[in-house]
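First up is the structure itself, then whatever we jot down about it.
For clarity, chains are labelled A, B and C in written order, and residue numbers in each chain start from 1.
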Amino acid sequence: MAEPVLALRDVRKQFGGLVVSDNVTFSVAPGELHAIIGPNGAGKTTLINQISGVLMPDSGTILFGGRDITRLGPPERARLGLARSFQITSVLPGFSALENVALAVQARSGSSFRFFGDAAGETALNEPALAALAEVGLADRAEVPAGHLAHGEKRALELAMALVTEPKLLLLDEPMAGTGREETARLIGVLRRLKGRFAMMLVEHDMTAVFALADRISVLIYGRIMISGTPDEVREDPQVVAAYLGDELE
Amino acid sequence: MKAPSASPSAPVTSPPRSRLRSLALPALLFVALAILPLAALAASAGYVLDLFTRVMIFSVAALSVDLLIGYAALVTFGQAAFVGIGAYAVGILSSHGITDALVALPVAMTAAGLFALLTGIVCLRTKGVYFIMITLAFGQMAFFTASSLAPYGGDDGLTLADRNTLAGLALFGRPLVFYYVVLAVLIASYALCRSLVASRFGRVLRGTKENALRMTTLGFRVYRFQLVAYVIAGMLSGLAGFLLANATEFVSPAYMSWQRSGELIIMVLLGGIGTLHGAIVGAAAFLLLEEWLAGFTEHWKMIFGPLLVLVVVFVRGGLIGIAAALGRAVARRFGRG
Amino acid sequence: MSTTLLIVQILNGLQLGVLLFLIAAGLTLVFGVMDFINLAHGVQYMLGAYLAVAFYGLTGSFFAALVLALAAALVFGLLLEVLVFRHLYGRDHLDHVIATFGIILFLNSAVKLVWGAAPLSLPVPEALSGSVALAPGLLYPVWRLVIIGSGLAVALLLYVLVSRTRIGMLVRAGATNAEMVGALGVDIRRLFSLVFGFGAMLAGFAGIMIAPILSVEPGMGDTILILAFVVIVIGGIGSIRGAFVAALLIGLVDTLGRSFSVDILRLFMASSTARTVGPALASMLIYLLMAVVLYVRPTGLFPAKGR
C-alpha cells in the first residue's frame, strides 16, 4: 500500500477536563475520499483544526506525506499542499469570485512580493482561476463580489480556491451545511468530478453526501474513533447503527 | 423588459470602465493643482501658493496613512513620527552643513523606513486596538526623544539656514519651482500607491484586510506583507517630512505630536478611506477648513471638534462618499425627469 | 547618588505610578467592558483639575472643591456617554478614535476660552502643606504622600468592588465576554453608563489631586493619556490588576530613568556625551520597556480577554 497522504497517530487534545480528541489514529490514502462522521460535539471540527494547524494537539503526531507537521503553523502546512474549506464560509467578501481564486493561485505560484503590475490583469493568475471557476460551475459569476454570491455558490467558490492550490489533501469541513437540496446535489456532483485528483477528508452531517462520495468512513464519538471502514461496513455495523446512524438511514 | 438573473442583488461590474472612472477624479485633482499657481499669481497671492504647497505635502503623508488604514486595515496612530523623522534628518544634516537634497532626501527616507522597520517588528505582532495604542506610544517616544535633543534645539526646534539645494542648485528657494517639485512628488507618490494596491503585493494586503485568518490558511505569511507595507508607508511619510522641513525652513518636535498623527487620520477619513485620492481631497479639506475657521476665531477647534463627532456618527465614506451620494440623487432626479 | 535622593525619587515614582493608575483604571475598564477606545479620557483628567480650581475659587475650601469637582466630573462623564459614546458602541475602533479626538479638540479649546491659556494653580490645603521628615535628613512633601495614600486606597476600593460585589462580577464577566452578560438579562446600557461615569470620575479625581503640585493648563491631559495607554497595553487591556502593576512599573522606571540616566551613563562615557544622551534615553525608556513586554507577550502581562 502506498504511503498515506495524511496519518494521525495517537492525537490527543483536551480543553480543560474535556477530552475532545482521544488518541485519534487514522490515515488518508492518496486519491482517497475519507469521510469523518459523528454526532454534534464529537470533536470533528477540533480534529480538522489540528490537522490544518489552527490548533496544536497536546500529544501525538500528525504526518503529512511522511513528514512530521505536528508543530507547523497553518501557512507552512498550506504551502506543503494542505488546503481546507471552512464550516462557516470563508471567502473574501469584497473581492470578486475571480479575484478570490486568483489570490489562491497567487498563494501557490510564485512570489507575492511584486509591487508593480496590475494583478487583476495577469493572465498567469486569471487563466487557472477561470478554469477552476468553470470546474465548480461558477464561470458566469466570475465578476460578482463574493459577498453577493448565494450560499451554495460561496461553497463552490471555496472549492475552486482549494482546487487551484493543487493540494495533496483537501480538508472539507461540512461543505453541505446550510445548503438547500438542489445545491447539495450540485456540490456532490462537483466533488464527485474532483475525486481521485487528490485525497480529500470530508467532515459532514449530510449522510446522503457521505455515502455517495466516501471511499472510507470513520465514525468519531466523544473524540474517539469507533470504527473505520468502507461505507458498507459502516452502514452494517450494529454499534454504529445503534449509537448514531439509527433512523437517519431508514 | 427585464433580464433574467439568478440573484438580482448582485450587479455584475465591468472593471475596465470603473477603472477609467476611478482615475478621472485624481486626474482632475492634479490638473487643478497644476493650474492653481496661474490663478494665484493673477491674484498675486504667495499665501495661496504656500497654503497649497502645505496641502500637497500633507497629502503625501495622508496617502501613506490611507495605504495602511484603507488597504491593510492597520490603524496607525503614529504616522506623524515618520514625518518628523524625515524633517529632522533635513534639519540635523543642515546644522552640520550638509544641505543638498541628494543627500538629505535618501537619509530622510531611510531613517523613517528604519524606524518603521524596528517599531513595526513589535507593533505588527499585536492586533486591533493594541496596534493603535502601540503606534501611538512609539510616535510619542519619537516626540519626546526629539524634544530632548538639546544640541538640535530641544523643545524649541531647529531653524534651517536655508532650503536644500538640488545638486548644488538653489531651486527650492523659488516658491513656484518648489510648488511644482512638491506637486511632482505628490503625483509620483500617488502613482506608486495606486500601483502598489493593484499589484500582487497589494492584493495580498487587501486580502488581509478582508479576512486575515483566511489569508493565513491560503499560505500567506501575513506579518511579512504588513511589515513591508508599514516600512513603505514610513518612508513615504519621511518623504513628506523632507518636504515639510524645506517648506517651513524649520523643524520642531511638534511635527511629531500625536495630535498631528490624529489629524492625518482625520484627513483620510474626511476624504474617504481606501480611495487614495481621498487622502488628497481630505488633506485639502482639513487644511482649508482649518484656515477658514481660524479666520473667524482662535477657538476654531471648538467648531471643528464637534463637526468631527457629527461626521463619525452620521456620515460614512467621507466627503467623496457625500459627493457620490449627492451625485446619485441628482442623477436619479434627472433620470426621472 | 545618595540614598536619600534615591528614596525621594522612588517615592516620586510611586506618586506618578499611582496617578497613572487612577487614569488607566477607567480607560482599561471602559475598553474591557465596552470594547471602546476613549482618547477623551485625558481631557477628563484635565477637566477635573480645572473644576477643582473653579470650585475652590467659589468656595475657598479645597475639600468642598474636591467633592463638587468629583460630582461634576461624574455628571460630565455621564453626559458624554449619553450624547456621544453610546452611539458608537459596536462600531469600528477607528470611529471611536476620531470621535473622541474631536472631543479632545473641543474641550482643550473650550477650556482655553473659559479659563484662558495661562496656567492656573490650586493651593495645597493648609493642613496638608509642608514637608514631613521620613527619616533624619529626609524631608518629603505631605501632599505627595497624600496622593500616594489616596491612590492606593482607590486601588484597594476598586479591588474590593471588582472582586467582591455583584456589579464587579458583571464588569469582570463583561471584560471577558460581553455578549454573555447581555444574555444574562442584565441592563447592559446601565452597566455601561455606570462604568463610564465611574471611569470619568477616577480620571477627574487624578486631575484634582495633582492640581496643587502641577500647573493646570490646556492640553495637560494629552501627554498623560498616552502614558496611560502604555500602562494598559503593558498590563493587558481590561485588567485592573495589570493596570496597577504596570502603572507603578512605568511610574518608577520613568522617574528613576530621568533622575539617574545621566549619572549612570557617566560611568560609561564622557560626561558631556552623557548629558546629551541621558535625557533622550530616559524619555525613550518606558517605550522600550513596552516594546520588550509586547514582543514577548503581545497581549500584555495580564491579558483579560480569553482569546
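Before moving on, here are some points about what is shown:
Keep this in mind: contacts are C-beta pairs under 8 Å (C-beta built on N, C-alpha and C of every residue); 3 or more make two chains touch, one makes a residue touch a chain.
Values in this document were obtained by computation on a predicted structure and should not be read as measured data.
Note: the chain lying farthest from subunit A is C, by mean C-alpha position. A summary of chain positions shows that the Cα centroid lying nearest the centre of all protein Cα atoms is that of chain B.
Taking the mean of the C-alpha atoms as each chain's centre, subunit B and subunit C sit 32 Å apart.
Separating the CA-averaged centres of subunit A and subunit B is a span of 42 Å.
Work out the mean CA point of subunit A and of subunit C, and you get 50 Å between them. Across the assembly, subunit B contributes no residue that touches 2 or more other chains. Subunit C makes touch with subunit B in their complex at residues 31, 35, 37, 39, 84, 87-88, 93-95, 97-99, 101-110, 112-113, 222-223, 226, 229-230, 232-233, 237, 275-276, 279-280, 282-284, 287-288, 290-291, 294-295, 298-300.
Partner subunit B is touched in their complex by these residues of subunit A: 52, 54, 73-75, 78-79, 84, 86, 90-96, 99, 102-104, 106-108, 111-120, 122, 125, 141, 143-145, 148-150, 161, 165. Subunit B contributes residues 69, 75, 77, 119, 121-122, 125-130, 132-134, 136-138, 140-141, 144-145, 147-151, 258-259, 262, 265-266, 269, 273, 299-302, 304-309, 311-313 to its touches with subunit C in the complex. Contacts from subunit B toward subunit A in the complex involve residues 6-7, 9-15, 195-196, 198-204, 206-207, 210-211, 213-214, 216-221, 225, 228.
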